[in-house]
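Below, chain A partners chain B and then partners chain C, in two separate complexes.
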Partner chain A sequence: MKLLSQARSYLSPSGTLTLPWVQEKVATNKTFAQKETKPNIPSPFWVIVQKEIADHIHSWRLIILVAIITLACAGSLITGLMHFKDTVKPSDPEDAFFFLKLFTASGNGLPSFIVFISFLGPLLGIGLGFDAINSEQNRGTLARILSQPIFRDQWLNAKFLASLLVVAVLIGSLTVLFMGIGILRIGIPPTVEEVMRIIIFTLVSICYIGFWLNLSLLFSVKFRQAATSALACIAVWLFFTVFYGIVVNLIANVLAPSEFAHPHQLVRYQEFIINLLRVMPSQLYSDATTTLLMPNVRSLGPLTQEQIVGTIPSPLPLGQSLMLVWAQLTCLIAATVVCFGLAYYSFMRREIRSR
Partner chain B sequence: MNRFLLSTRTKMLSIVMVHILWMSLLGGHLAHANSVALYTPYPEISVPPGESIDYAIEVINNTEEIKNVPVSLSGVPKGWEYSLKSGGWTIQKVSVLPGEKKNLSLKLEVPHQVKKGTYRFQVVASGLTSLPLTVTVSETGTFKTEFTTTQPNIEGHSSALFSYNAKLRNMTSEPQLYALSQDAPRGWNVIFKANGKQVSSVQVDANQTQDIAIEVTPPKKIEAGNYKIPIQAITNATSANLDLEAAIKGSYEMELTTPTGLLSTNITAGKEKRLELVVRNNGSSPITNLKLDRRAPVDWDVVFDPKEIPNLEPGESAQVFATIQASKKAIAGDYMATLEATNPEVSEKAAFRVSVKTPVVWGWLGVMLILGVFGGIFQLFNKYGRR
Partner chain C sequence: MQAVIQLDNLTKHYGDFKAVDGLNLQIQKGEVFGLLGPNGAGKSTTILMMLGLTEPSSGLVHVCGLNATTNPKAVKEKVGYLPEDVGFYDDLSGWENLMFTARLNRIAEEEARNRIEDLLKKTSLEKAAHQKVRTYSRGMRQRLGLADVLVKNPEVIILDEPTLGIDPKGVKELLDLIVELSREKGLTVLLSSHHLHQVQQICTRVGLFVQGKLLASGSVDELAAELISKHLVQIEARITQPQSTANLEAELLQLEGVDDVKILSKGLLYIGCSKDTSAEVARAIVEAGASLHHLSKKTYGLDDIYQRYFEERKTKEVGA
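Right, the complex of A and B next:
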């Protein structure tokens, strides 16, 4: 009976006899065949990525940007270390996460690491992407490259990926440097949760810079002149960093309810203003990173007294911190991807042969 | 005339005789001329028991020759000790030059145990004269100790400290070292304190009183009732007893906890969580009409099942289920929710640390949004890629 069932299992549904050892042999034959037919040549996509990375690394533009960012971060690291004693208090519920304070500590007029990234990160993204397409077109290299046996979207994707990789390596190494010098100076290694938070913070930072990279990529596709696209990018960045705040302030002043308004009305007004501010990518970024790097942040909007009664000041677990800023993270990722999608769409649809 | 003379002579004689007799009876310091006399300034003394009396006795030689006077005491009550000394020597005889006097010192010890009354004895210069001495013992001498307290009964809960104040009076005439001991039931803790220090024995001078504080701690789990604590102060010679009484009232003690003792829980905002609670009567009286209450944040709801425990005997425990519903607006993080069990006698709290989590619905919406965007990009790739 047992033998019979075993024999039946070897019969495939179609009724043909398939024995396991025979199948194995067929499979090994197949892999051999694949190895023989496909030589170890990287796909053209990765070749372009490598070339683009090499281009970026040898360009003065990136060296200057990296120098600026590194200097700024070194400044904030020194401030963080100098003011570390002041920021760590014995009765702090956040005490378990004091390593994270390195990233958020500020003093002596020098802003913290996250503020520097939210300010200089866009410049890095714009600098890497504003002339990605149009300069190639102006130099006439675009048509020459695309006459090679590669797909058109591969070229755009490779451009984007190369820039993003450069950004990722830069931000990642800066963060690791920060942690390393922090461990050296403080002498206490970060906990697992702190490392997790720092990793997620790094990913969010890369995503944030990726948004600006995609925006500049979109402009470089849209505008024929590199200078125009650079100006457009800078204009958007300036608008969001300087003017948007002023505009929201004006709106807030106009809409401000009277002092004697109902608390619910005040709360709604506050939430409306905060939501207006959240149109700025930098606001989304600072919301997300503040919550990630300060685990005791429990809410980003206004809170009613009812919600505060009975609360115990305690750090949130990582999952809850992520839940709190999930909307912000979603918006950042979505905005990044939408920008890329637009750039992709307009690049794929355009005429590229003419100069 | 003769008769008159006779009568005057007899009268004079009788006067002289009476005078002499009176004189000889009183003191004897003016004893017969040309003889030996014994003199002491205080022939009658009143003393308490246990006192020692020092008599200074002078032997006066009124004769013209040297007198060898044997001196001894007679009629000394039984048990009284004495010594007769002169010039550092215990003496039986003194020799006095004519017209001179010699000092003797008689030391007499009145014993402790002696009855009140007058005791008479004599210092005898045998064959010559005697000196009667009187000692009045002012009170009946005892060898007794008094151990008293004004408040031997104290009432309190089993968790209370019973503090008694006692007086130990040494009525003997010697300092005594009293060993203090107690014979309390098992589990009771009795501490003696004298002069603010914990002691096991105490020294009391003669006729002095020492205050002794006695601190009694009953066992934690003891039934209500009256308990006797016998206390003793003992020396090798005397002892005194004191019976203290502790009236234990029924105590109300309760514990409100969970079966595991874990007082923290997770809850999603707007959702319910059912908790199992245990109410335990740790006191010695039954707890009745125990109501369950809460002190939770605003808009939180706690429902108990059952809402009230009618009766809980000592040592028993009851199971209660509490269903906590967090407010929809609760923010992520920790909240304090206090559950209470109260009746007029006792109240107990259990503070729960409730970690609020935000509902994941919005998170999934975000994931859907991102997936939608990526789907759009994928569509773009499909439509325009590889041209």
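Right, the complex of A and C next:
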């Protein structure tokens, strides 16, 4: 039994036998070692991820996007700091969370940090993904790379992961920078719960940008021309940010019940309109982030007087806030997965011609 | 011995259009096989199916004994493919492009460096190795493509229109390089082209491919014999003769190697031979008292074979 376990310990994870007394020999016989175990050679997946990240970092596109987003964040930080005094009142039940006010405070026509992210995040996602596949096709590199021994999905996954990593690093560092300057300026460090909320907020933001990234990846698989796919992405984005709201407004006006309608009917009507709005990814995102960053938000739908009566005017704990936005989070992730699935489906079995 | 590339009844439809129609082909180890045909004959589609880059509608593709449709990754480990009009990452140098390919093939860093250096030297790109590919000429790109194909030490290389868009001198260099490298490493080469005379110099065997069908395959000489005429060498002679030609005809037919003599028009002789008999024919004509104005020997290259085939086809179509 002991012998057996000793023998097992000599088996490397890849299943090749490496006995201690032959190890030296193996090391000297380089080609043999490379053929058998391929030590220290990263899998093609990570090779592609590495290259994609390097490409992103070297591209002008990312520099421009980073500049826009950094400027916007700086603007919102200044707004947050300027209006910090107005928003914090000693009698406020959420005075424990005033650090979070930095992220949500707006004034003088300058929107808050979360509004900026919900507006510019899609641009970042679209900018990183809209020509992921079709530019390779146009450059003639698609056929060359896919004739290397890699799986097609590895390539698609690696492209997605590389862009998502860039987004994550960017949003993460921006948030941390935001916090750091905030601490310096107001002189109050955030509490543990605030930090937790901010971390979750960052994750949700990455998810949200990931959705737009996947959408643009899907279009880059579908459309041959990078310009077409960029335009399609921007069309979807504009539709949701501008036109969808107008359409919902129209529907709301048509369906509006009379003032004397039964309260139940009014509530149902309100819920219906809100659910219509929730088709928009940006609505889901702002629902989720406001709840996370404003702990006093206790419901995302209409509340009747009866429901409010007897509530304690205190902020929700983190767990409860999370419960409240669980549906929104799931929807965002589901939308992302659907886009990715569609991109996958149309890419996996398609014919790869050069140019 | 099993063929390196084996196609069995391979068919590919695009809607109603049959791009490849019931193709059967075997390519043995060490061959340099030329897949020849006009544009749109289905050459590229066939090649894509060999690499699993598109799926056949029916039929089987085996490369190195592996099914290319169900197991493309294993095939792609052994096969190097140079696509038509190959592209590189313009912002990277030639060396970096090759290194990326080497990494995708999981070649150890040290070995990859050695191989790339060696290949760049062979394709005489070592001076431009660290320039960005953007600055490369068409011929350089194509040579870089060849180096890229060879980085993974393949058993088979498949080149789709490798000579497209290169000047004649570049074509010759590239083809010589292909032959040299393939001999050195014992590679099997499949190359497609619509430029017949370029390719006929280096192919051990060619396949004529038209409208999704393989018309004929074999060495260039065999094809010439099969498609053009029974006679390998044909001689045309223009003569003037005082007397009748019947005498001369009989005399020519007696020569060894002459199989057929025809008078095409007044004074124009057509002589079909199984070997080169031009000197004997000339002597016979002169000795018979006729005056010889012009004598030309014709051997047929692929261009003629091709042309002849299409002419035949056209007349058939008109007749039908």
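Here is the rule we go by: the second predicted complex is superposed on the first by the 316 of 355 C-alpha atoms of A that agree within 3 Å, B and C clash if a C-alpha of one lies under 4 Å from a C-alpha of the other, contacts with A are read in each partner's own complex, and residues count from 1 in each chain.
The working rule: a residue touches a chain if its C-beta (ideal position, glycine included) is under 8 Å from a C-beta of that chain, and two chains touch if they have at least 3 such contacts.
Computed from a prediction, not measured in an experiment: that's the story for all the values here.
> Now for A:Phe151: first (chain B), second (chain C), both, or neither, which partner does it touch?
After superposing on A, A:Phe151 lies in contact with both chain B and chain C.
> Where does A:Ile41 make contact in the superposed view: on chain B (first), on chain C (second), on both, or on neither?
Only chain C is touched by A:Ile41; chain B is not.
> So, A:Gly140: does it touch chain B (first), chain C (second), both, or neither?
second
> Applying the touch criterion given at the start, work out whether A:His264 contacts chain B, chain C, both or neither, answering first, second, both or neither.
neither
> Just chain B (first), just chain C (second), both, or neither: which does A:Lys85 touch?
Touch partners of A:Lys85: none, neither chain B nor chain C.
> Looking at the overlay, does A:Arg349 come into contact with chain B only (first), chain C only (second), both, or neither?
So A:Arg349 meets both chain B and chain C here.
> Return the residues of chain A at which the contacts from chain B and from chain C coincide.
Residues 151, 349 of chain A touch both chain B and chain C.
> Please give the residue numbers of chain A that touch chain B in the complex, ascending.
151-153, 298-299, 303-307, 309-312, 314, 316-317, 319-320, 323-324, 326-327, 329-330, 333-334, 337-338, 340-341, 344-345, 348-349
> Considering the complex alone, what residue numbers of chain B touch chain A?
Touching chain A: residues 296-300, 327, 329-337, 353, 355, 357-358, 360, 362-363, 366-367, 369-370, 373-374, 376-377, 380-381, 384-387 of chain B.
> Which residues of chain A touch chain C once you look at their complex with the stated criterion?
30-31, 34, 38, 40-44, 47-48, 51, 55, 58, 139-151, 349, 351-355
> Mind pulling up the chain C residues that touch chain A in the complex?
Checking each residue of chain C against chain A gives 44, 48, 51, 53-55, 73-74, 76-77, 79-91, 100-101, 103-111, 145, 148, 152, 160.
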